[in-house]
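Here subunit A shows up in two complexes: once beside subunit B, once beside subunit C.
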Partner chain A sequence: MTKASRNYNYAFLDEGSKREIRRATLKAVAIPGYQVPFGSRELPIGRGWGTGGIQLTLSLIGPGDVLKVIDQGSDESVNAVNIKKFVGLCTNVETTTEAQRATLIQTRHRIPERDLEDGQILIFQVPLPEPLRIVEAREEITKKMHAEKDYAPLWLQLYESLIRYSKVTIGAEYPCLVEGRYMMNPSPIPKYDNPKLHEAKCLYLFGAGREKKIYAIPPYTEVVSLAFDDVPFEKESFEGRHCRLCGATNTYLDEVFDQRTGAQYHQCSDSSYCREQRGKD
Partner chain B sequence: MAYVAVSGGAEAIEESIKLLDYYKSSTQDALSAEAISDQLSLLVDRVMGEAGLYSKIYAGIALKQCEGSVEEAVFLLRAYRSTLTRNYYSMPVDTENMRIIRRISAAFKDISGGQMLGPSYDYTHRLIKFNGQTENPQEILQALHEEMRAQTPEDSLRCPRVSDELRKEGLIDSTEPDDQTPYDVTMHMLEFPSSRSARLQTLARADTGFISGLAYSALRGFGQVHPTVGELRSGYVELCVPYLFDDEESIYLGEILITEVECFNSADDNDQLKLSVGYGAVFGRSETKAIAMAVIDNELNQNGPYPTQDEEFVLTHGDSLEMNGFISHLKLPHYVTFQSKLDAVRKTREPKEASHDKSE
Partner chain C sequence: MTAALSKKHDFDVVFDSQKVFRLVLEALSHPAREVSILECARRFGGKHSALLALALTLLDNEVSFNTCENHQLSDDIAALTLAHRSTVDKADFIFVCNLDDLKDVIEHAKCGTLENPHQSATIVILDEQGNDVPAHRLCLVGPGIDVSRTVTASPALKQALILRDAQHYEYPQGIDLLFVSGKGELYAIPRLVRQGEVG
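Showing the complex of A and B:
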């Protein structure tokens, strides 16, 4: 262990706390899409900066793990670097940028472009776990709506948006129904990533630290993005655009403006995938 | 490239930390953590209260580390607190046995046990003492000690709660003692409707500014309007934990300074009136916060239409870490989600006919 962390337990939290978080996680896996409340602990990272995801990571991580952390798809973004630095400080585990090498991947706002495999865990940082919050502000009521599977207000919102704009206007954080039972917020990933939640080989875990909820999508679970039969679910489109670095036309692109000329161009949001593609050429 | 995205995150953070050191540096002597915890007591009280960790010296160290930012100091203490194994719950404290340093009532002139002004800025003139700079805290302490040695202390009187008298008269609802294990909001998610123990814990740890503003709104008209402070007392209370090998015994841990408030409002009681009571208790001498807490506790019992009477609204939005954490996260990059938002906005502006064919 490094000098700075000698006063702290392995993976920061005390063992009792880690066990409690794992118990909540097991319950979440057993009831896909259901939000399990837990006694969220304070961390040295800001609440609202990924503490739910970090608590999941800390409760699961062991010496054999290989960790990857991304933010907006990028391994090098300040927040990803900072979280990796913190976990590294209190565990010394190996870190990587390669999605296929990692056993644990913590992410904010993206699912890696490359499909994850059996045995890998993708941990999402979740700001607002409640998919019904956009239609109902109160936790006391949304809990009842879930219990009664009353998702009508959400359907109504979808319908109203179609009537007003002829389009579904929900951007990221697009709600989906898990195993035909619980409506779930996939965290603010773009709609582009929603289909990757369906029948995946890996385990998806979602941690909301500030809101004190854990939920999960186990492998091979049915995840359906909310849509009407006659108006199919529609992802973000990047028609006619490509990554200026690797040339990809099949990835989620960030819109970037040149620092000097102000010219608009696009590049892959998944920086590691983009680098890999460039390596192939 | 700038602070995000493409690369350079690690170096940017290191340089940023160096700049923090620069902004903390000075040509003057270093402030010791002890000096902060002794001489900036009210700041320390606030930080300990919002953190839910009673340690004057750690609060001093935390404040020194973060240029005196309350939210950062609370953050440091909370993060440290969550690494500590919880071994015991202390036994209930009976504040009637408080070693009182200050006690006032705005309801009655004479109260059993007497009023005692104690340390308070209430009756000072807020004029800057420009020569305060040269005051030496050690000399002041010495002078005060000498003065105290020259005096003979009076016996302290028993101080029953002001509300006890009113309760005897039947003006306040008496509630049965509730010996249920309190709901621990630091170990469980707060659920609604919440228990009173959960509510009081949450309010005691809440951000001072947040609950003061809320209480003010209730006073001004968005609530039951002007309550009366029945009693405010500050002083030291003893903390004990159970002794595992003998139920009759307990172990004394030490004492902490707290402030406790009860406030009254008139309330409907069928075809007559009664008094409703609000309760507040906080670490240290954070008096305004204790009063605000009592006001809000009273409001929350009313089930009315105002923000302060809405339990979920009040209890979920006042935690320093949670509010500041979530507000400050807005500084994090949101490229992906914003791109998605842009996509949705742009699509609604496409010509209506064309937009239908493009669905994937």
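Showing the complex of A and C:
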């Protein structure tokens, strides 16, 4: 542990803060999809930069953990590298880029390509936890709507999208119904990742620091993306495209432009998975 | 903290709390899966060591608790955590050491509201099952369980489920149950887990 980190409590947060976050986390697991309010703490980064996810990570982490942090699937982006450095500095835990080795994975906007296993915890950084915010601005009303399971405005929005554009135009943050009860915002993951939430082996935790909410999807929980009987849910299709680096055709692909030539490429969004595939060759 | 208690335990509030919390989280994520908090619980002396380890992990002055007239346990928890003593109907955490108290506790424990279901009680039950007790087979279903899980149920679990189901809570209202033995074995039954058909 460095000299600077010795001036702080283990995992930065004081024990009272951790305890409150832990209590909220347990309630969130007991009530899948329900947003549990908590007293979000000040951190040495701005709200909206992953403070919810960081607070969850800091309240969970211990000496035996192996941490992986990704941002849009990448281990090397600025947000991911800095969060990993920060948590490493105040806990001294081992960090990794391999999804299968990590016990805790903090993520922004993606779920790793590799299926996560029992015992692993995926922690999402969530900017806007409330799926009903797009149809109702007032928190007191959205709370009441959740209490009454009144999700009609969200269904209407989906219907209007179909009428206007002949397809559902929601790209990320595609709402889903958890265990047949709570409408949940799965954070801004692409639709491609929504099916991975359903009946997963791992535990998913969602932390929204600015909005002061924690919610969860326990393992083996029913998570159904919103869809009509005659218009089924569709995720992004990358048919006919492949990763320029590893050649994968079964992953979520990012579009990349070469500024000099103007050429357009695709490559795996999950940089660790892509590296792993190339290592196999 | 009472002088006697502070001499008795060497529970580390940072690292032991973290370990116990992660085990409770695992238990709650995988209902009826047994985890052991013995390593941390044995840092306390006495027959309520596992309950004290849980209390020091989860309670502080922001929450209230009740121990069903177990004054020694109540004093120890209050001294350790600074949590507020409260009546059964208002307590955030209820510690049940005697199964005779279970009926009253479950009938009166707060179950939250439809708007704020998290404002419900967590009931920690000391489950001391002897070898001479006849085993019951229970099939459990719900989130955290892959299809169904058949468990050998203690009388405490069987009784708690019957009493809980008799309350007919409207989900998301409900109570969450933690069962812990004197040996530190712990498992959880969150509100959505219910009895299924034994296959």
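To be clear about the criterion, the second predicted complex is superposed on the first by the 280 of 281 C-alpha atoms of A that agree within 3 Å, B and C clash if a C-alpha of one lies under 4 Å from a C-alpha of the other, contacts with A are read in each partner's own complex, and residues count from 1 in each chain.
Following the convention adopted for this analysis, contacts are C-beta pairs under 8 Å (C-beta built on N, C-alpha and C of every residue); 3 or more make two chains touch, one makes a residue touch a chain.
Predicted model, so just to flag it, every value in this text is computed and none were measured.
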**Overlay on subunit A: subunit C relative to subunit B, clash or fit** = fit
**Computed vertex angle (subunit A) for partners subunit B and subunit C, CA, steps of 10°** = 90
**Request:** Have a look at where A:232 lands relative to subunit B and subunit C in the superposition and call it first, second, both or neither.
**Result:** first
**Item:** Partner chain(s) touched by A:219 [first = subunit B, second = subunit C, both, neither]
**Value:** second
**Request:** Figure out whether A:203 sits in contact with subunit B (first) or subunit C (second), or with both, or with neither.
**Result:** second
**Asked** Touch check for A:261: first (subunit B), second (subunit C), both, or neither?
**Response** neither
**Message:** A:46 in the overlay: touching subunit B, subunit C, both, or neither? Say first, second, both or neither.
**Reply:** first
**Request:** May I ask you to name which of subunit B and subunit C touches more residues of subunit A?
**Result:** B
**Prompt:** Can A:81 be said to touch subunit B (first), subunit C (second), both, or neither?
**Reply:** first
**Message:** For A:16, using the defined touch cut-off, is the partner it touches subunit B, subunit C, both, or neither? Pick first, second, both or neither.
**Reply:** both
**Message:** With both complexes superposed on chain A, which partner does A:26 reach: first (subunit B), second (subunit C), both or neither?
**Reply:** second
**Message:** Just to confirm the geometry: in the superposition, how small does the C-alpha gap between subunit B and subunit C get, in angstrom?
**Reply:** 10
**Request:** For subunit A, give the residues common to its interface with subunit B and its interface with subunit C.
**Result:** 9, 16, 37
**Fill in**
In their shared complex, subunit C is touched by residues of subunit A numbered 9-11, 15-16, 18-20, 22-32, 34, 36-37, 59-63, 118-119, 143-144, 146-148, 179, 181-182, 199, 203, 218-222
**Request:** Flag every residue of subunit C that touches subunit A in the complex, lowest number first.
**Result:** 13-15, 17-19, 21-22, 24-26, 28-30, 57-60, 62-63, 113-118, 120, 122, 143-147, 171-172, 176, 190-192
**Prompt:** Okay, in this complex, where on subunit B does subunit A touch?
**Reply:** 1-10, 12-13, 75-76, 78-79, 81-86, 184, 186-193, 312, 316, 321-322, 324-329, 332-337, 339-345, 347-348, 352, 355-356, 358-360
**Asked** For the complex, which residues does subunit A have touching subunit B?
**Response** 8-9, 12-14, 16-17, 37-44, 46-49, 51, 71-74, 76-82, 85, 108-110, 127, 138-140, 165-173, 188-192, 210, 212-213, 231-232, 234-237, 239, 252-255, 259, 269, 271
